[in-house]
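Listed below are the structures to be examined.
After this come two complexes, each holding chain A, first together with chain B and then together with chain C.
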Partner chain A sequence: MTHALAVDRALVVIAFKRRLAYKSGWIFGLALGGGSMLISLTMWQNLLGDGSLNGYDWASMRAYTIIGFIAATMVFGAADYQIADRILDGHIAVDMTKPVDFQRARAAEYIGSMISTAPTAALGVLGAWLLFDPPGPVTPTAGLLTALSFVLLFPLAFGITYLSVLVCFWTKRYLGIMWLREALLSFFSGLMIPLAFMPGWLQAAAWALPFPHFTTTPSAIYLGRVDTAGALGLIAAEAAWVVGLWYAGRLVFRFAVRKVTVHGG
Partner chain B sequence: MPIRHASGVYWRALAAHVRSVIEYPADLWIMATAGAVWNVLQFAFLAVLFANVPHIEGWGFHEMLMLSGLLSIAGGANALCFDGAWNTGSMVIKGDIDYRITRPAPVILQVGSSHIGLQSFGELALGFAMLVYGWIGAGVGMAWIPVGALAIVCAALIQTALVTAFCAVNFWIKSPMSIFAFLLIQLQGGAMKLPLGVFPAAVRVVALFIVPVAFINVVPVAVFTGHMTAWWLVGVPLAAVAAVALAAGVYRLGLRAYDSAGH
Partner chain C sequence: MPILEARSLTKTFRRPDKASGFKGAVKHLMQRKFKNYTAVDGIDLSIDAGESVAYVGPNGAGKSTTVKLLTGILRPSEGTVRVMGRDPHTERIANAHDIGVLFGQRTQLWWDLPVEESLKLLKHMYGVSDADYQRRIAKFDELLDLNEFMPALARTLSLGQRMRADLACALIHDPKMVYLDEPTIGLDISVKDRLRAFLRELVNDGTTLLLTSHDLADIEEVCERIVVIDKGAIAYDGSIERLKAHYITTKAVNLYLEGTADVPALAEKFPDYEWTAGEAPSEVTVTYESGRFTTAEVLGSLTAQLSPRDLSLSEPSIEDVIRRLYAGELTK
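And now, the complex of A and B:
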């Protein structure tokens, strides 16, 4: 293993262990995500009954909502605050002196913190499965491709988060940036309402953004709303966003880092 | 302690905070935009939903818009006037409550006025817009306006008091994050934008009589739009009084349990 990979692995493990140390976070995440999932399911059960809307019946909506819960747990439970704090409290000045790429190190930490949401996601899914018995993937291939689209969520979530966190170079606080990002992600991912319910122009706007890959892509593959070729196309688009956001992050950072000022001297 | 003095301290502290936040215009605009965008997307959610379904449990688009609008106003008022309550947990851990105890003003007011949620500007503006649009669209008469004004005041009081009471849990459960208050507003934000009728009886009982979040927006809007009888309106000011008493009581008990940070 090269030195850089060893550093990545160490940062992933440290971030993972740091998050696991706060076990109340698991229960909190479960209560929050599980509560939201139950509210959403209650609404859709009431609306759908025995019928269907835009191709979603009660069975497929159960699976859709659970997939949304997994994505939300992964992305909203990650340690974005730690990246923001490094910029806001000036730690970044120390980071710049280390022989480690700043973006790559933060990516490793962020992904480590995302992995730590696994117990919350697993417990939530288990509970939802026992309570609501959603349908399985339409085919084994669809199941595998759904898993692959979830794997790509790790770098994709980091790409979006990192770009938004870089705004902290110009602000004193991170909260508003986080809310703005989460609001856009919740709506345009299809977490609030499936994209299929939206008018054509709004669907086009959503698909021009990276957000639909957080719920719409995995659920479309899982439920068979796209065939294998379509699924591969969606995954390719997701991967393209990962690469694009990575380099966009590099570009913005190069410009933003000039704003760093260190107290004292 | 005279109410006038306490009120003076509260408003001066809040004004001082306003002066400090406008020194950072980027934060001000980002936070206000975040509050507005959340509400715009809430409007978009309802518009998209009702383009596909005629009603939810007998509630139409404009009625649901009133629910969201009133809830946003309550949340915005809380963030504008008493956002500092969220600092209770970190103040307890750091021992910062010590300073507040020694000052000649109620601790709860000092803590509540120690911060302003800048998202409140966006929340209040869009919340009022949704409420008024929904009000007109739902055909609620002008005669209800005085009652609507009272409902808004009570909604702000109940929201603020419940959030403050839940933040005060951090006097006993030491954490910089007000997890219980956060859980409250997140679940309330999801559930109380829907008619009570979609939920099982147990949820309705909790929302009406245990943690009376339903009196913030669901009950008043249900009465205005004829889904509940006018008698339910009596519960709105009662819930406000009960919630304020609860917040004051829990905070007082918390201060008794407070043992500073230790050294």
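And now, the complex of A and C:
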């Protein structure tokens, strides 16, 4: 393993351990996350009955909700505030004295904290599977491509989170930024309500943003709402966002680092 | 060949200029005004390899800002810095391999994990071999009793333990240049003594050290050279010995007389000395110029003519000199 990868691995592991250091909070999140999905599933079951809405029947909505739950658990459960806190309380001064790329180190930490959400996602999915028996992927290829789109969610979530956290250099506050990001993500990803339920212009606006890849892309591939070529196109778009956001993060950091003040000690 | 060289180093911050209260906040929202504040003002500093330099100044003088400029955390508004030939800001990662930094007020330990985890992560970051890591941990343990709290969570450490652990973090990669920003802040006397002994050993091993502290005992015990900064500019730069020789020009004797000390009468009788009343009525302090009179001469004349009950000698400390430098009573 190269030195840089060994550092990445060490940061992933330490971020994972940090999340598990607060055991009661972690176990509480484990139970709470699955609970909210079960409520959502019950709501859709009653709403759809034996019919369908905008191309979603109860079978496909079961899979859609579970996919949305996995994405939400990964993204909202990661420790974005730890990066923001370090910028706001001046600990970034310590980070800047370390021989590691700031963005890459934060990415490794963020992914480590996302991995710590895996048991929550697994437990929730298991519960949903036992209680609601959702359908499997439309084909094995669709299953594999869904998994690939989920893997890309790790760097995509980091890209969006990192850019929003860097705004703290200017605003000196994080809470409002976090709320705005989570609201945009919930709405434009289709987590709150599938994009197919929205008017055409709003769907177009959503697809101009990276957010639909958090729920709409993996669920569309899984349920066969796009063919293999369409799935590959969606994954390519997701990958393009990953690369674009990574370099956007680099560019913004170059300006943000000039704003570092860290007064007093 | 200097290991660190700063030329005309300047850092200016922009601060909001707003009146206090609700009205001031609203006015600032509508009409945003800012003022420039110069924290570091054209500093020239050169440090040779192996030197131990104390960087002192009153609160808000620009000490910590200078350290952040020298370590590459901040970008200078004007001027240049070179550390081992590199610009520490634009070549931050390469520079970070060769420096060790401790901020007394900011820990580099991962707060919710055992100390050992933080050290192991730093081992990976700096690419320290297993053998070097074990050897250095053993040395830190010998001097700082590190193993006593290695398995403890960082947030459960006492301040003294936290500072010792932070020092180990700053030095785990055997850096050539070490910056310590108030390493003894808030520590008790025994922990301070241990840290100072450790730092002396570090300097003896040839590490270059820049130390900021408000505790002048840190400086006298660890450093050979002192740089005094005030209002962002250097007020003194030279050896501690020269500072003493140059500025400590008077000595004092405290006399405890049999009866009440008549200070005006004594001043008239011994006009070459300066007389001030002490805390007790019988106590008086005699200050004399050390260049004009020897202590033996002064004591001889005073004991012969006044027959004091007791006496004690007091030599102005480096602390008095620094205090007077801060107050602007002394010039370079």
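The rule is short, and it goes like this: the second predicted complex is superposed on the first by the 260 of 265 C-alpha atoms of A that agree within 3 Å, B and C clash if a C-alpha of one lies under 4 Å from a C-alpha of the other, contacts with A are read in each partner's own complex, and residues count from 1 in each chain.
The criterion applied here is as follows: a residue touches a chain if its C-beta (ideal position, glycine included) is under 8 Å from a C-beta of that chain, and two chains touch if they have at least 3 such contacts.
Just so it is clear, the model here is predicted, and its values are computed rather than measured.
**Q** One more residue to check, A:12. First (chain B), second (chain C), both or neither?
**A** In the superposed model, A:12 contacts neither chain B nor chain C.
**Q** So, does A:258 touch the first partner chain B, the second partner chain C, both, or neither?
**A** Once the two structures are laid over each other on A, A:258 reaches chain C alone.
**Q** One more residue to check, A:3. First (chain B), second (chain C), both or neither?
**A** It touches chain C, and chain B stays clear.
**Q** Applying the touch criterion given at the start, work out whether A:163 contacts chain B, chain C, both or neither, answering first, second, both or neither.
**A** neither
**Q** Can A:101 be said to touch chain B (first), chain C (second), both, or neither?
**A** Second partner only, chain C.
**Q** Between chain B (first) and chain C (second), which, if any, makes contact with A:142: first, second, both or neither?
**A** Neither partner.
**Q** Just checking: does A:87 make contact with chain B only, chain C only, both, or neither of them? Give me first, second, both or neither.
**A** neither
**Q** Of the partners chain B and chain C, which touch A:21 in the superposed model: first, second, both, neither?
**A** Only chain C is touched by A:21; chain B is not.
**Q** Can you pull the chain A residues that chain B and chain C both touch?
**A** In chain A, nothing is touched by chain B and also by chain C.
**Q** Inside the complex, what are the residues of chain A that reach chain C?
**A** Touch list, chain A to chain C: 3, 6-7, 10-11, 14, 17-18, 21-22, 90-91, 93-94, 96-101, 257-258, 260-265.
**Q** In their shared complex, at which residues does chain C touch chain A?
**A** Residue positions touching the partner: 13, 64, 68, 71-75, 92-94, 96-97, 99, 101, 103-108, 110, 112-113, 117, 120-122, 124-127, 153, 181-182.
**Q** Tell me, which parts of chain A touch chain B in their complex?
**A** The touching residues are 24, 28, 31-32, 35-36, 39-40, 42-43, 46-47, 53-54, 167, 170-173, 175-177, 179-180, 183-184, 186-187, 192-193, 197-199, 202.
**Q** Which positions of chain B touch chain A when the two form their complex?
**A** 24, 26-27, 30-31, 33-35, 37-38, 41, 44-45, 48-49, 51-53, 56-57, 118-119, 175, 179, 182-183, 186-187, 190-191, 194, 198-199
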